[in-house]
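One structure, pasted below without further comment.
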Amino acid sequence: MEIKKPALRDRIHEIIFETETPAGKAFDVLLLLFIVASVVVVLLESMEIYRLRFGSYLTALEWFFTLAFTLEYLLRIYSVYKPGKYIFSFFGIIDLLAILPTYIGLLIVGSHYLVVIRALRLLRIFRVFKLVNFLRQGQIIIESLRRSVPKITVFFFFILIVVTIIGSIMHVLEGGFNAGFSSIPKSIYWAIVTLTTVGYGDITPQSEIGRFLSAFVMVLGYSIIAVPTGIIASDLVRMPSGKEEVSNQSCRYCSSEGHDPDAIFCKYCGERLNP
Amino acid sequence: MEIKKPALRDRIHEIIFETETPAGKAFDVLLLLFIVASVVVVLLESMEIYRLRFGSYLTALEWFFTLAFTLEYLLRIYSVYKPGKYIFSFFGIIDLLAILPTYIGLLIVGSHYLVVIRALRLLRIFRVFKLVNFLRQGQIIIESLRRSVPKITVFFFFILIVVTIIGSIMHVLEGGFNAGFSSIPKSIYWAIVTLTTVGYGDITPQSEIGRFLSAFVMVLGYSIIAVPTGIIASDLVRMPSGKEEVSNQSCRYCSSEGHDPDAIFCKYCGERLNP
Amino acid sequence: MEIKKPALRDRIHEIIFETETPAGKAFDVLLLLFIVASVVVVLLESMEIYRLRFGSYLTALEWFFTLAFTLEYLLRIYSVYKPGKYIFSFFGIIDLLAILPTYIGLLIVGSHYLVVIRALRLLRIFRVFKLVNFLRQGQIIIESLRRSVPKITVFFFFILIVVTIIGSIMHVLEGGFNAGFSSIPKSIYWAIVTLTTVGYGDITPQSEIGRFLSAFVMVLGYSIIAVPTGIIASDLVRMPSGKEEVSNQSCRYCSSEGHDPDAIFCKYCGERLNP
Amino acid sequence: MEIKKPALRDRIHEIIFETETPAGKAFDVLLLLFIVASVVVVLLESMEIYRLRFGSYLTALEWFFTLAFTLEYLLRIYSVYKPGKYIFSFFGIIDLLAILPTYIGLLIVGSHYLVVIRALRLLRIFRVFKLVNFLRQGQIIIESLRRSVPKITVFFFFILIVVTIIGSIMHVLEGGFNAGFSSIPKSIYWAIVTLTTVGYGDITPQSEIGRFLSAFVMVLGYSIIAVPTGIIASDLVRMPSGKEEVSNQSCRYCSSEGHDPDAIFCKYCGERLNP
């Protein structure tokens, strides 16, 4: 028994955390389907015509997915050597959040707000990205974005300051007769709508001078979009083209990922990786 | 007769499939005109004022183009050595779809939906792109897009997850009093309209907090557009600048294209190309 | 007299066509002011409140500018050696179009449409760009755009085909109950509004399936904008960074420009350039 | 006393102008908080519900911040060796503008317009950017933008001319029956709204030909956005990747910044920098 049990844990860990074995792949595909299906249930429940007609079925499905995810969560905790590390990792918290709302819904009546937490389940899809070679590609994008962070932050502060000043000007110019500019925060909202070229049209300038300033904001927004694009493009050009492979192995001890294909020991905790 | 017939088939193949001879060029120009004209007929037929006034003329024109395309289709089948390969190729199916709707319209009354299939005729224009040197340019773009697919896919999943979560949040925030956010799918639609900076304005936030979140979505959408642009730009920079020419020859046996200018045999089936 | 006259012509040519002498610079600045002022008159005339109040002043100003431009036009013809070449050059035609509408307005009553031709005067501003070092910069952009033309053309055809097919689908889906999609051309207009992320909101989908397809079009439009941007960016990266200077000299014989700073003879007609 | 006083001035200068000492850092963080808080007060004051309920508190806060900024301004003047240079520097003027409106509000009744000047306080945030390593990043962006200025200017002139001509055409086409195009300036406003893909939808074409031209403007706007983006991206690619550090030291004599980390003397006025 003492010998068999670790073998079972190893097997479970292999299926749930790794993706290179057939069983691991099958598990990931199933998990992907369950995540998508459970989010579809959340969407349908929010639509009155489906809630009224199929309400009980949707509740049943919701419980089915919740129990399945609960089982998976418990197996994950069981199969890693250091459960604490998993539980408080990013994905550990997301995994917990995926099951909590349904249980809380039992205790609290009218817990309508939990729908947001249930939608967070979608983040679990990133887990399954290991399945294909997306992980490395995502890392290139994220690495490039990480490098661009200081420049992009400067850019955001610039935007923030520009929309505040332009919002104040428009409030002074049109606030007197145009309800859309009756307060500075509302005018700032308009400035953002305009600068980002979204252009809802729910607030529009009505005076000549207001239209002139709007046109200026539009052309500004239309032009400065080039700045973050140029920053990210030039950072991506400087990146290596990302041919290297990354192993899909997951460390049993610290649940870390991103090991090199020829790695034998975990680079974060030094434990031996699954052979 | 035995000798003459293959010569006729060769001649037809040359005219219909190749573009370097004067006859082939003339055929392609004519085909381009027919495609565009037949689509214009489809457009005019959908406009009530023209349908009421010129309905019979438009129907006659539609039959004229259908018969012309039918003749062309039969000649294509006749002139290639392996008709099966042509029929089930991408362009073979498009060529068939270009003529089917009119015949089906005879059998089924009120086949209004066929208008979509008739519009697919436009895809045949890509055939004629061989005429000019666009083929190679299109290949550079497609090759660059193909390389970007994994990164762009990660980006799409990211967008999808973001709009779902933001849609859920907005549904919770404004769903109670704003009809535009009465269900999560509707809120996701709004999130996409906002994130992509389209901004119809048919659904707009009405609360302070809703406007604040909207502003966040706008700035996010305005900024992350830089990511796919940067990806494609950096992939294009790494591509060779595409000076090489591609022959416009089309293989008589397997209907394949994209042969090198000095190629004597088809690189896909090994048969001798037209000299 | 025989000797003096050519000297006068040379002097006029120098002032009007060249920009490196003080007189030439002064002339260009004056011309720039006149062009902008005359277009402002056109704008003011189109606004009812100004037309009613200052109508006669605006007409007088319009005549003043027309006469000034006429004088300039005649001097240009007089001072070049081959007037025919100037008259039928791009700028020659623009210069003529700048003065024609006012004279035609005398002959034809209600020639409201001429306002467009009068607005074309703005194109004359490009003449004055010689003044500063913008010419070379513009040439880099134009050269880069010229290189991108085949790729961009493929892109445009792709867009055109996509909006036609999507317009047809939306016409079939929503044409029955949504006036905005009552004909395919109208639906194509909607598809363009959506794909380009303009999003007027004058036509919006009303069914679930229509909104789903719209969302797809938005995300498509939001993503493929990356393609032309990437193309132009990568072409610009490959361009030399454009430090070389271009002479502002203009050939007296063929009115051509863009000569190298050390050029002694016109590279287009072989005549000696102004020293 | 004669010896002590300069020491105090040195100490004040160190706290206010430099950021590498703990006291300097603390001061900058405090200043950042004060700036943001004072702008929040401006925003709240513009919202009727808050002005009516908390008006007196907001006025009190406004005075508190004004007095704090006044004290800071006086200390800045006191601690630099050449106050004149500071007072007429960009930040010197911004610092003055941050405190003036409140005092002017005492003298002039209904000085509603001063809200714009109060919002300019936000520009002071750029001061505090010294705190982190943003300065260098901002300099890279600004340097890249500076290099792109001639090309971007050509681009802006092009846009300006395009929207004027298209506005004139639309005024002629739809001005007769569509109030949105009743004057050319209004039509130009519409052209800018459309070309920049903002698309408010407050002015939309109503005729077939008007919609066709609009579609053209949209596709044009959607495409030429690629030009400034490509320009800035290619300029950024050519820039060094910006690893070099910049000292946060500020010269006591001329208030200049941007000195190299190993600089001992100010590169602008030659005075010894703070050790």
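A, B, C and D label the chains in the order they appear, each numbered from 1.
Assume contacts are C-beta pairs under 8 Å (C-beta built on N, C-alpha and C of every residue); 3 or more make two chains touch, one makes a residue touch a chain.
Model, not experiment: these values are computed from the prediction.
Interface comparison, A-D versus A-C: the higher number of contacting C-beta pairs is recorded for A-D. Chain pair C-D has a twin interface among B-D, B-C or A-C; that twin, with over half of the contact pairs alike by residue number, is B-C.
If each chain is reduced to the centroid of its CA atoms, subunit A and subunit D end up 32 Å from each other. Note: centroid distance subunit A to subunit C, computed from Cα atoms, is 45 Å. Under the contact definition stated at the top, the residues of subunit A that touch 2 or more other chains are 185, 188, 197-201, 221, 225, 229-231, 233-234, 237. Contacts from subunit C toward subunit B in the complex involve residues 150-151, 153-155, 157, 160-161, 164-165, 167-169, 171-172, 175, 182-185, 188, 194, 197-201, 204, 208, 211-212, 214-215, 218-219, 221-223, 225-227, 229-231, 233-234, 237-238. Remark: subunit C residues 197-201, 229-230, 233, 237 touch subunit A in the complex. Put simply, subunit D touches subunit A in their complex at residues 39, 42-43, 46-48, 112-113, 115-116, 118-120, 122-123, 125-126, 129, 132-134, 137-138, 140-141, 144-145, 152, 156, 159, 185-186, 188-189, 192-193, 195-202, 221, 225, 228-229, 231-237, 239, 241.
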